[in-house]
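Common to both upcoming complexes is chain A, partnered first by chain B, then by chain C.
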Partner chain A sequence: MSTWRRAALAMLIGLCPATAAPAFDALSPSLPTNYSPPDGDTEGGLWMASRQAEEEIAHSPRRIADAALETYLRDILCRLAPEYCSQIRVYVVRTPYFNASMMPNGAMQVWSGLLIRMRDEAQLAAVLGHEIGHFLRRHSLERARDLETKTSLLTLFTLGLGGAVAAGGVAPAVAQGASGGAQLAALGSLFAFSRDHEAQADKYGVQLMAKAGYDPAQAAAVWRNLVDEQNASGEKQDGSSYFFATHPDPASRLETLGGYARELGGQQTIDAGQAHARYFAAVGAHLPGFFADELHLSQPGRSEHLFKQLLDAKFAPGVVNYCLGEVSRKRDGGKLSDAALAYYQAALGYPDAPPEAHRAIGLWKLKAKQLDEARQHFTAYLEQAPQAGDRDMIDYYLGLTEKAP
Partner chain B sequence: MGIGGIGRALMLAGVLLVLGGCASTRDFSSVKKLDAATPAAATPAEPHVLQLVVMPPDVELSVLTAGGMTEPNAAWTQTAKSLLVDQLGGAEALRGKKLVRFEPPAAADPNGAVLNEIQHLHRAVGNAIVMHKLAVPLPTKKDRFDWSLGQEVAVLHDYAHADYALFIYVRDSYSSAGRIFTQIAAAALGVGLAGGQQAGFATLVDLGTGNVVWFNFLVDATGDLRDASGAADTVKNLLHGMPQ
Partner chain C sequence: MSRVVFILALLLLTGCEQYQQVKSGRNEVGSFSVTTEAPIWNSVPSGHSPGSLPTWTVDGVTLNSLSFVSGIKDGSPLVTVHDKSKYPVFHSDMLPNEIAELVQSTVARLFTATISRTGELKPLTISGQPGFELEFEFVTDDEVIRRAFVGGTVKNGELQVVVFQAPRMHYFEKDFGHARDLIVSAKLP
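This part shows the complex of A and B:
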């Protein structure tokens, strides 16, 4: 079937939800429960390397050792794969990009940049489910074995060609071409193998989240958010999202994930409101720090899109408004625009507004020679942040506000 | 996994050093003689016995596959670690010093993170020495040997009550049957393919200053850490030339 025909058919299926959806062909785990591999084989070696890496993460200064947050994530993992609950450990790492990864031995890393990009628990469950998918299907082992086979075959093939040349059966130039072709083919199939794994983990993730009672449509929503953020960034190629590099094309992925969700349907037994509250309770205390990391990346298009989304989702509105002010100010080369001022002022309307919002408005008012207001804001800043590192500077500004114009 | 920059430096240095296939070492030191980190402890009547903490060996043994990939082997690695610790306990070069075995800190130890990081730092510094002193020497490092793990080793000094710390790092690979076959096939065609190889280093750190006072790089195409006699040879080679 030609590509456009397939696309047209896909569109038709998409447009007609009444059409009987094909039955979902469920995946089953290849990893036994309570399993640990024998020390002497390939998998034993992989687990050893994983244990070392896990040890490093566990003691890393980048780890966010918040027991409540880890328990919250583990609870989701256990809801998704109850039989494997005791084999999974989770570590939150402070890295401002979207990623989560699973080691062969059941140690999972969740990056802080991912936690600020999830709108609710179901979306988080979709990503965690995807990672459990890799774990339950032992993809690391398959990849290690595949890599070994392919590099070995390649070496033997090259040697075989060498033998043929030596025996005079094949011209050296032909052999060189054949060898190059074989290397390209091996490389290509390595990547393809990885994409197959990603596609399978996607499917497994949706399957697990639907079974656990989450809305399976949220898996596609995760990718839609990322694609939107990517488009808002104005960057042509994505350099910052590690997921895009080896993962399937986001557009086709969205389509596929949406298809799975329709096939699975299912009962949404997890209360979305409660799940949202749980999610916010678990990550809320860390949000100011995570947002500050995002601001430090200096990617205004991306950050603005993200923060506006978070504002819509009513996530920490005081901090988020302040961050939008910062994005706006930085984009204008540090100048305090009216747009930035509006965000800072909006931030002060919420109890979680950071003291820095007062400082930002104070500076704006000082510049506009509205000295009384400037003084009020600087004073409020120092009251709310008595340990502020820039206290001397603010005292100097306060002095300026007292001089008669 | 796979070969990162560090692994490449180690291999490159190995290629430069290994001649004829037997064990070869290169060592550097910044002192001629070891002194106590805390001289106050020594009195003329009771000379201070140097205390040396032996850090857990940073070791990985792997299989070299036909295609040239290294695949870690957990069982061999486990054996090699305990054999190395045993052999270090009775090593000739360490005689006359009081050896302290490094015990992993308790989970609640406030210095646990630093003690762990010091071990990772040694891996990084040791590989930097291999890279910038041996493999591709930096002009600024040509005539000097001044690497250091930094002042933070004071934590290790207080934890282990030792004057010096001895770190061992070894990566050891063994040819699989498939690799041996490809080596033979390649040799028949006149191409030399590398087999399994042992590469590593021993580092002596002054816990008073953090400075690396002695560093010994070893590469050995015949070294074997899977049995006691091989481990004894490896320890002898690693500690060869250590200042007393």
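This part shows the complex of A and C:
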């Protein structure tokens, strides 16, 4: 969006609220631009801990070092907070739970489980906007000062726990002992942002996304998706219940976010189609790996809901249909089921069908003793995936299809 | 840490009756009968072993472990844990590809790990039975890349698997030869 339009929009937001809705009382940053705190004080300590945590993330084996993906995410952050663009760095971490967090020094981490739960760029902008909200309002500093009155933060840093204070996030303890440092996550929950901070970050996030030209209604949609997924899972003790435990009640949050969106009105200037294409271009190549991580969580109810949503959103239909086949097969106790087979066959109707769809049908047919079809599918798999790590095993199955009478 | 220091540490920490050095020669573990050439292995008390599986180690379970998963019946998970519903289960008609995935999902859950490389799956004959060998990598939540070597077969409808795992850097290669020989020559009743 051009500068004048952004300025005009800011004026609209600031001075001319939509007539039907109450005025939106806009937030402003407490963090100066191009700021770096003096060493030695509380904020200096926080930044030092952040730099250490950032160093660990940068060298983590879970980091997805894809410069194009990082640039894509950073571009969204810069659209949301252009004045702070030069202070922001993004790291993508391969962990199959919903989380993003921003450290006080401007280092942000985004987990792969979050990326597969976004339907478009506006939803991603909503989550990133929420995190920038914490960053611009220096919530970590407020939290640290609050803790200082209860205990000596210096002691925390000496014990190496400072990073936990530095690395709070959308869902610091979203994963039960999972991910980017289980201890860090557990400690993060001790030092979670207050509900006031969360509410403020929610509001700031919607404000920033609307100003940048995204549909502000998508902020509520993010949480609605998560609530639906949780309800569909029928599973209690898992990552997302931690998420709900550390965050404001999702129902009231949805309502509040929806209210902000109505107050801010529909000033969308970002082309939704182009944004979707950009999002897919950045994330697409990683989807098979991210989906495989989701499947390894062995939570079929939740996974099935997620993949069906992605199918509705016409998101990588070949890969998603294959994953639905996998979920369906596992949920049916690994038994042969028509539902699973139908998904695998549907996958093959799309150009992005993974070779593994052929393998899955081949295994099915081999068990059902439909040997000619098994052979065809195993052969197709090896043709499409000549470097497959299970090549020798598939050759062994091919031998079985020939020996039989 | 040298093995001597490690074992001394174990003696101090846990009392000598718990960790036991495994004698050279033939040993029975679960359904398996295995042969060890060098006296490098120590058996781990079940309270300290991943998934309460019969487990051996050279340098401690975080540095290397050899776990024996034996006699798994249709409908059962591979590990003994209290929250069994979280673990995928074995079915006696599973093909090696499905068992490989079952092992990886179990490892992902047990170690809160991400499978970082699906690796290689090949046929392997164990105790005269057609079986499989699998090698893959995973990242645990201590940010360590680990490698696993798995050998297994299904006999009389029951799954029999041995899993060796260690950090990819240094530890896997150090004892992989011993572990592989032991797995490949394992006998089942």
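Convention: the second predicted complex is superposed on the first by the 330 of 405 C-alpha atoms of A that agree within 3 Å, B and C clash if a C-alpha of one lies under 4 Å from a C-alpha of the other, contacts with A are read in each partner's own complex, and residues count from 1 in each chain.
Quick note on the criterion: a residue touches a chain if its C-beta (ideal position, glycine included) is under 8 Å from a C-beta of that chain, and two chains touch if they have at least 3 such contacts.
Because the structure is predicted, anything quoted here is derived from the model rather than measured.
Using the contact criterion defined above for the overlaid structures, shared-chain residue A:42 touches chain B, although it does not reach chain C.
In the superposition on chain A, A:147 makes contact with chain B only, while chain C stays out of contact range. Once the two complexes are laid over each other on the shared chain, residue contacts for A:292 go to chain C alone; chain B is not touched.
Counted by residues of chain A touched, the larger count belongs to C, out of chain B and chain C. By the touch criterion defined above, A:56 lies against chain B and chain C together after alignment on the C-alpha atoms of chain A. Applying the stated contact rule after C-alpha superposition, one finds that A:390 touches chain C and leaves chain B untouched. Of the two partner chains, neither chain B nor chain C is touched by A:250. Common to the chain B and chain C interfaces on chain A are residues 56, 61. Of all the residues in chain B, the ones that touch chain A in their complex are 1, 60, 62-63, 65-69, 71-78, 112-113, 116-117, 120, 178, 182, 185-186, 188-189, 191. Chain C contributes residues 75, 83, 86-89, 91, 93-98, 100, 104-105, 108-109, 112, 114-116, 118-123, 132, 139, 141, 143-145 to its touches with chain A in the complex. Of all residues in chain A, only 38-40, 42, 44-49, 55-56, 59, 61, 144, 147-148, 150-156, 159, 162-163, 166 touch chain B in the complex they form. Put simply, chain A touches chain C in their complex at residues 56, 60-62, 94-96, 175-182, 237, 292-293, 295-298, 330, 333-335, 359, 363, 366-367, 389-390, 392-393, 396-397.
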